[in-house]
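Read through the structures below before going on.
Presented sequentially are two complexes of chain A, the first with chain B as partner and the second with chain C.
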Partner chain A sequence: MNSEGRLLELEDLRKWFEIRRGFLSSKVSYVKAVDGVTFTLDEGMAVSLVGESGSGKTTLGKTIIRLYEPNGGRIIFQDRDVTHLKANDLKWYRRMTGLVQQDPFGAFASHFTIFRSLEEPLLIHNTVKSKEERAEKVFKALEEVRLTPVEDFAYKYPHMLSGGQLQRVAIARAIILEPRLLVADEPVSMLDASVRIEILTLLRRLQERLRLGVIYITHDLATTRFFSEWALIMYAGHVMEKAFTQEILRNPLHPYTRALLTATPEPNPENRNRFKQVPPGEPPALIDPPKSCRFSPRCPRAFDKCFKEEPPEFEAASGHWVKCWLYERSEGK
Partner chain B sequence: MSSSKSVLSVRDLKLYYRTRKGVVKALEEISFDLEKEDTLAVVGESGCGKSTLARALVRVLPRNIHTYEGKVILEGRNVMELNEEDFRREIRWRKISIVFQGAMNSFNPVYKVGYQVAEPLIIHDHLEKKEALKRARQLIELMGMPGVFADRYPFELSGGMKQRAAIAMALITNPEIVILDEPTSALDVLTQANIINLLKKIKNEFKLTYIFITHDLGLASELANRVAVIYAGKMVELSSADIFYTQPKHPYSKGLLASVPTLSTDRRPEFITGVPPSLIDPPSGCRFHPRCRFAWEKCSSEEPAMFQVGKDHLVRCWLYGDGK
Partner chain C sequence: MGWLKTGSPKPSAGLKGVLREVLSYKSAVAGIVILLFLIGLSVYTVVTIPLPEAIQAWRSSEAWSRNPRNAQPEWIELFYGRKLPRTITVSLGEKASEVLREDGTLSVSWVIHFNYEYDDFPSEIIVFFNSSFVEKPVVDIYWIRPDGDEILLKKHTLRRPDDRLYLSNDLGLELRLERLFESKIGKKPNFTVTVEKGLFSEYSQDPRVLKGLYGMRFETALNKSDVLNAEVVIYGTVHGLAGTDHLRRPLIIGLLWGTPIAMSFGLTTALLTTALGLIIGTISGWYGGKIDTIIQRIVEINAVLPFLPILILLTTFYRIDLFVILLSVVVLSIFSLGIKGTRILVMQIKSYPYIEAAQAYGASNMRLILFYVIPKIMPPVVPGMISSVPGFVFLEAGLSYLGLGDPFLPTWGKIISDAQTNGAFYKGMYYWVLEPAFMLILTAIAFALIGMALERIVNPKLKEL
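Moving on, here comes the complex of A and B:
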């Protein structure tokens, strides 16, 4: 039995996609999209998964809620091993977890009213029997995401709502079964800046009020700061750095994290007078990646060892983990 | 009114689309001047008319145009008066070129990248194909790509590389003004930063004037020395970047800036409640008044003009109007 308040534990979690080159070929390769992730999340806490396109964020998120079955490692949820749950047990786990995806416009059946879309999970999971009770739940969920007066929104069709409003409906749908863990996969990246903050603020309030665990997936480091306690920086299937969000932003250690911070644009009229020091190149292919630091081809500080061996995670400061040879004896910098 | 130093002056540019639901007033009363080597950032929320402005300037228009009028003065000449043939021969690509929104996804999959980069030259300058391909290759290299990429097909290039090729294509005719419509959206931050560096470099090298369209105010400050804010089809603030980022005047500009999360300060980002209006039936008076914290009666009944609040600084808001 584990400590009070612990919601989720990932131990060396792996998700590899099998691919065959050429359709008669018997040679199997793997896309190592998530390759050894270890992390613990307490109830009511939010963690940001930050990284570039293809770094494995969605795969990790979907593996955690068991839309994918892991190839290795373990997922412990509320002290229960859910790594390879099947059938009814898996259905229970689906109820305990929710997902909000990136594209609010593609998320709803166009011929369903909002009410019908929200009722759907209740029908599938058959958690409430009576029609009245279902309506009550739907209205309550709409209220939670501040789509009020709820009667106004419940009978609308998706095309009548703005992207921000639809994303609220998506959140309502994700929480209607009262899950304990929510994966929000780039929930605001298709929205305007102001609407982004509106939706993230709403998510944050829900998380605090319902004591939800939230996994917030984003490529925008700047939004992590006010909306998550923890941050995991991902690159090419690996977690390169993990710590409290404030700690990572104040004291970034991994060369990749530093590059991300430098590259993130901030409004400042002096920016136009200077060039940014960012590493060139692009992330590596994840098919049979080499045994080295996956950032080494682009890293400004790479040395011999980086090209030969994959670094383990070093605890460079208390609770601050870095997957980089520079921190081998935690001598820092 | 346009100053003698201007390379481009736009006066009362207006563009309406015809749709089944009514006329979309996508752009109205757009006026500004650009001097050589300026970068004007055009910012505003999705659907406010940024791409419409871009298309109006290079006259690449869909069929359902309802109204298209105003003045676009290039080197002292109103090019709106040119017929399509002359505009195509003298202006589009030659003087003003454009990197369209989503350009990296609009390459033709069956032609090699080098050929597509060279295309404006072959079509517009009737250059010998071999010569044009050679130029394309040189430009591709200048964009920081290996020259051999000219012989590849679009699907063989990453998003960042395709976007570089799209920029090369906009430059191949040696234009003076380049419109960049969201040139880095959908790219990763590191790739984005590398492309912004590239845009800075080639601007210096070729003495280019940019119109940089983006919804990202942080990104806008990477290139802009002037900023135009558009809301619901109208310009609401026009300012130097130095003033805009430190002392924005329009309530909408203030709201936009306050919604940008920053890493370097502890300021909590805030949001503007509500959504932009329909452009078929926009609000009376100031189009921003339903969302504005400062609005009073006058704002909903009378439309504010662009009031001058400082040198080269205009704001469309009654807070700065006469007789407030």
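Moving on, here comes the complex of A and C:
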């Protein structure tokens, strides 16, 4: 393992989806869902991927755990290039990563009991040989996510459990192989508000205890503060801003991040009559995104350069990167 | 499609639950009872009449020489309200007298008796001889009526040791009997005096069966070493549970053997075509891309190919037994349109989050297909399979009817085909067609009832119908 404790490195990672135009045409175009993401995650750290629908955050998450094959760039996991792993190596990578999905009701095969659902990863990776040991592992995982007494839950079918309970089972399934990296794709957005915080607390506690690297995908900036050390703001397949979560929330630099923060409701009685200024328009189509800054058509502070050239990432402050021409000058300083 | 929703409550878990639910439908219970009956019948048939024996008996005309030709089943009496004649067989047995003559030959005679209490005339009379001799003996046969009259039937010279005397075809006897009737009642009787009527009727204007004890006397001269035995068979007009056909074969054998053949053919074809279709459809839907395109084009081409003409062509060119027919039917049905349905279901299931989750923890394609996808698409597949059985049973019968079936096996379709070529309906032998038709319908009903109940269970929307 890396001496610096580095878990995951993404270098200019790209995921483009091929689409065919026309019936017999061989002409292909691409949906550039993730277009050049560079990022590093240390052992036991959590990072939030924040963005609106269609920003590519889910695609990025799925590409990282290799549910999608990247079209370009590299994924380095524990100093090993996993970008194009095949067969047995990929199976190893599957064991090292876990996934918690958005929809707990769809996350389980309805013909499997909870026990069987949790046993499946163990059966596939054959890490535990004996039946008794497998059962022990399953029960331990259920305890881990506080579904006790475990016997009450293990032999039920998914439809007998509530959304919150199912999401706990999903977390149990994601950690049962003792992975080092967990991708949580909007794990609480389909749950009742009352159980959201429980699930997030559980995830956070597990992450700290098991020293898991966690990629937390969300559209809700409010929960990132609670959950993650780092935050990445995504827009139209690009990372617009990345920094410590606290830093981003306290000092958002990119116009898009600011707009996002503005849109976050705050429980302040003075806000009741205030009209919030949000950028007009829609995110660009990703089939042929503008070659300029992708936020430029909506940006309130855009100037000439923004419409001509795509900005690189500027380090506006220490550890605070922004993909915006506004901060070009800070480079020179 | 309620069963497809991942989160929807399962109506019942496990096989037991399904079985309990099936039994809650009266129609399904009826179907199961019929099915069990047919299965029992098949097992009984296979155990009691081994196939080679059945085939051989079915194909030989000799085995059934003691059966009446074109006889109706015995229970037909219920509709006529008369006692219809059964077949009577009498052997010569003990000699009545034996006298040594001067030339060294023996003058021998036999007398046999039998009761005739039926309300109709027999269909045929044949004397089967079984003898050994040096010189061809002449046998005088006399007919003794219950009223005491004695009629010389024939002075018969044995041509072979196993000679047969077809009394019904004896025109000379017929003429003598007609004259006898004319002299007894003083004028021509109102009916054609056939041998059977002449021998068994009262002396009256209209044919009326004379019931009572009949006798026959055989007289001959034999050498000392000669042996003579004979069997008189007076054929009835009814036979057994199912009657006989034009070759005197008891239809019951064909009906019985038709059961396991039809059942195994129907079930095997249904099972094979469904299973293979399921696998191909799943592969098509799961892998997509080129494989999918190729499979779908094959399905579409197959859909426009004429099924029956191809089958007829095949059965014309190749030696046709049941196995070849089964194979051709399976091959022609593998790429059926049902694959499109399976493919769509698989594509739908493929997009469910639980599949993605399984991929994330490393499930292989094989594992995903076998444990995650196929169990999900089984619910509509199983009732579909059961409902498709009658179609294949009918197909086999249809091919047999067209003369394209297995030429050796006795099947329901073959019986119907025989009935057709021998003009069963024209001659009023309805039983010949109706019996195999009844068996076919029974089989179809059994599978249809069970299939419908299963379909209603997996697709609750149908319950309202």
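Everything below uses one rule, namely that the second predicted complex is superposed on the first by the 327 of 333 C-alpha atoms of A that agree within 3 Å, B and C clash if a C-alpha of one lies under 4 Å from a C-alpha of the other, contacts with A are read in each partner's own complex, and residues count from 1 in each chain.
As a convention for this text, a contact is a pair of C-beta atoms (placed from the backbone, for glycine too) under 8 Å apart; a residue touches a chain by one contact, two chains touch by 3 or more.
Note that the structure is predicted; figures quoted are calculated from it, not measured.
S.K.: Based on the superposed arrangement around chain A, label chain B with chain C as either clash or fit.
M.R.: Fit - chain B and chain C, as placed by superposing on chain A, sit side by side.
S.K.: Touch check for A:Ser110: first (chain B), second (chain C), both, or neither?
M.R.: Only chain C; A:Ser110 stays clear of chain B.
S.K.: Once both structures sit on top of one another, what is the angle chain B-chain A-chain C taken between CA centres, to the nearest 10 degrees?
M.R.: Rounded to the nearest ten degrees, it is 80.
S.K.: Pick one for A:Ala259: touches chain B only (first), chain C only (second), both, or neither.
M.R.: In the superposed model, A:Ala259 contacts chain B only, not chain C.
S.K.: Decide which partner touches more residues of chain A, taking chain B and chain C as the two options.
M.R.: The partner that reaches more residues of chain A in the superposed model: B.
S.K.: Output check: A:Pro121 vs chain B and chain C. Expected answer is one of first, second, both, neither. What do you get?
M.R.: A:Pro121 sits against chain C, while chain B stays out of touch.
S.K.: Output check: A:Phe226 vs chain B and chain C. Expected answer is one of first, second, both, neither. What do you get?
M.R.: A:Phe226 sits against chain B, while chain C stays out of touch.
S.K.: Would you sort A:Ile19 into first (chain B), second (chain C), both or neither based on which partner it touches?
M.R.: A:Ile19: touches no partner chain.
S.K.: Under the stated touch criterion, which partner chain does A:Ala285 make contact with: chain B (first), chain C (second), both, or neither?
M.R.: In the superposed model, A:Ala285 contacts neither chain B nor chain C.
S.K.: Smallest separation in Å between any Cα of chain B and any Cα of chain C in the superposed model?
M.R.: Minimum C-alpha separation, chain B to chain C: 13 Å.
S.K.: Where on chain A do the contacts with chain B and the contacts with chain C coincide?
M.R.: none
S.K.: How about chain B: which of its residues touch chain A in the complex?
M.R.: Interface residues on the chain B side: 39, 45-46, 144, 158-160, 188-194, 196-197, 200-201, 215-225, 241-242, 244-246, 255-257, 259-264, 268-273, 275.
S.K.: Mind pulling up the chain A residues that touch chain B in the complex?
M.R.: Touching chain B from chain A are residues 52-53, 162, 164-165, 192-198, 201, 219-223, 225-226, 249, 259-269, 271-272, 275-276, 278-280, 282.
S.K.: Residue numbers of chain A touching chain C in their complex, please.
M.R.: Residue positions touching the partner: 62, 65, 67, 90-91, 94-95, 97-99, 101-103, 105-111, 120-121, 124-125, 157-159, 170, 173-174, 177.
S.K.: Within the complex, which stretch of chain C touches chain A?
M.R.: 6-10, 13, 352-354, 356-364, 367, 371-372, 375-376
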